[in-house]
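All remarks here apply to the structure that follows.
Just so it is clear, A, B, C and D label the chains in written order, and each chain counts residues from 1 on its own.
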């Protein structure tokens, strides 16, 4: 037995994402954002996307390119304060934005990745974010039903991958990546380095290969990866 | 700033677990079972315990000592087929046993560790394990409510710990340990090696130190750790 | 293992397609691993937290921390990964398990599976069986055609508590390969030297025969 | 930063007890780190996935993959750990965060906090603020006593959308330390040179004064 090879080209990895697709995008600010996969998604041009990402990056970076090209219809997120374009599009009614408490977004994605229907939480009960949500009582305590989130495709940035799609992340570039890498039937990982099988220690793998469909090795990193402008 | 030291003795780590306590115990079969902490719990002798563990180990090993000493009133588990004493005590009505699907037990513990009220799942809907459980509908699909599990104390076996309580596990000794290490207000970890701060690479930590309260270094391993009798 | 059982396990191994992620249940299914070529592209999963199982090891070469869900000492292959029990079943429930092969006490003609409990006799708990049966993309059963008393294990309906409903796609026995078709049990292949009539007789519900020749294994 | 603000931040830093796990929110709270001694036993957490924050780094020594939740380049200390966003908030929601210090638009006399939205003006999303406010074992607020227009931020009730109800235990301003007591805002300490009357005037609800001398900071 040997583990299958999932390496492919950038173009093929991203090919066939259709109009109306739901796309999860890893990253929290710059670290862990799959800038190269996003650029290719802009180049290939599917429209009317629902994007699920912690934030909207900053002007001229990452998800902002998808907003600028008009490919995004809906954004499920936690905080977009660093992207004036996202706020402007939201206020003008040109994109729909759904805000989640950050850890609840993480849990909803994880629930999708874990094949659950949702989770029960008391977070945000007293706030406007709880409006319209279903309640369940357990032992006389009331919980909000937060539904699981899955996507058609997840775009992941890893530090290292092996050819089977085992991934690891570095420092705070981990964030939403391992959660999203479980929550779509098609998971595309860009990696700063792609290693031969056996070069990632099995105890240190953050995302096991069975969750991953395509592995793309990055060449020299573009400027986006290195810049935090604030 | 430096991270606090949580190392202590075996006796002090386990001290004060009261009668009626709910105790989570890591491990799947032999790997990851905290045999030394269990022995100390037997020695200190609290009664009427609820034990949450994947399995009941085998005769003369691990949880079986707690069963033999009559300290267990209730067992929340997935499979006890390798422990005849557990089955006998269950059939005689001397312990109460609650069976869970294995991955649902894992998720219920994780939900407790994540501060959630529970999870929604379609697992076991058609089986007797679903009896009496609450249902929730999402988009016309029916889910079981599986409530979160927390314990008063969690007994964890790690391969390596540092003095702050960062833990890592090896091979299939990981299993339920990192989940249980989140799900109790008092988490006691035995470790085969205790390292100085900075010796565990921060990207490779499996259980972050803030979840852990006490760290006990194991001396020479007893025979239980090395035997798989089947 | 008898020749008939070895042939059955070898046949079941051919069910695994290149690139699949596969979980092999305790008992007969685990033996399938012995029939996979060393260069066959497949990822074997075990629910206690490993993707990329390698060959079973003898005790003197075993790692005390490296077992499968049945407690057998196993090994890894290049590219293996370890993970916790929540992640392991996340993989199962979210559709990443292409195939599982399980043992059975009973299989119904609608694909219900009973393999975890015999009331009053055997109640050790379901372990991970319910999730494997309910959520693997394809569930195959490896079992003897009849129990020790000679009663068919393939029945119109399960009498024992079920593990999951309508989950089994195909059954491998020492006598035959039988699909769960919309109309019921459907004979696909025969073991060498076994007749369709013998299989029908050892099946506890109508057995649909294919048109034309029946392949053998 | 003005002297008054520096004193306020230094005073807030004394709120941290040895052994605590602490999350410092964006803005003023982050500055608290500069007032912690290098041998002080504490674990600083940031919700984007790090326990054990070290000193803030200048851009030329920054690691592009190592930021805090506010986007500032940070460093690690010996014994740091990285984790994903689900684990990070598991730590918050399950009671492992002993203390969080947050900024505020408004704090009510019952401890309600509003710090995420100004309808029609500022709606960037709540980020991780709701969970920090709702689930940290102790929530302290660092804020100016009044907004730029001179309106009190400490009020009988919040007018803005709230982040969490009845969560704030103590408020640090450039003028005073004020507790949320069962009966309302309760003066604990005064900044040097500030009188209790001045604080009461800059507070939008009754201010309870302690018996006897009021300590200063």
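Simple rule for what comes next: a contact is a pair of C-beta atoms (placed from the backbone, for glycine too) under 8 Å apart; a residue touches a chain by one contact, two chains touch by 3 or more.
Here the structure is a predicted model, which means the values were calculated and not measured.
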Starting at chain B, fewest touch steps before arriving at chain D: 1
Chain labels contacting chain A and also chain D: B
Longest centre-to-centre distance from chain A, chain (CA-based): C
Whole-Å gap separating chain A and chain B, where each centre is the average of the chain's CA atoms: 32
Chain C and chain D: spacing of chain centres that average the CA atoms, whole Å: 57
Approximate Å spacing (C-alpha centroids) for the pair chain B, chain C: 30
Length of the line joining the C-alpha centres of chain A and chain C, rounded to whole Å: 35
Residue numbers of chain C (touch at least two other chains): 50, 82-83, 86, 89-90, 92-93, 135
Multi-chain contact residues (two or more partners), chain B: 107, 110, 114-116, 121-122, 169-171, 174, 202-203
Set of all touching chain pairs, with the criterion as stated earlier: A-B, A-C, A-D, B-C, B-D
Complex contacts: residues of chain C adjacent to chain B: 46-50, 62-69, 71-73, 82-86, 88-90, 92-93, 123-131, 134-135, 161-165
Interfacial residue positions of chain A with respect to chain B in the complex: 107, 111, 114-122, 134, 136, 138, 141, 143, 145, 147-148, 168-171, 174, 202-204
For the chain A and chain C complex, residues of the former touching the latter: 1-5, 110, 112-116, 162-164, 166, 182-183, 185, 196-198, 200, 202-203, 205, 208-211
In the complex, chain C residues that touch chain A: 18-19, 21, 33, 36-45, 50-54, 76-83, 86-87, 89-97, 135
Of all residues in chain A, those that touch chain D in their complex: 28-32, 54, 77-82, 87, 90, 97, 99, 101-107, 109-110, 121-124, 126-129, 159, 169-179, 206, 225-228, 230
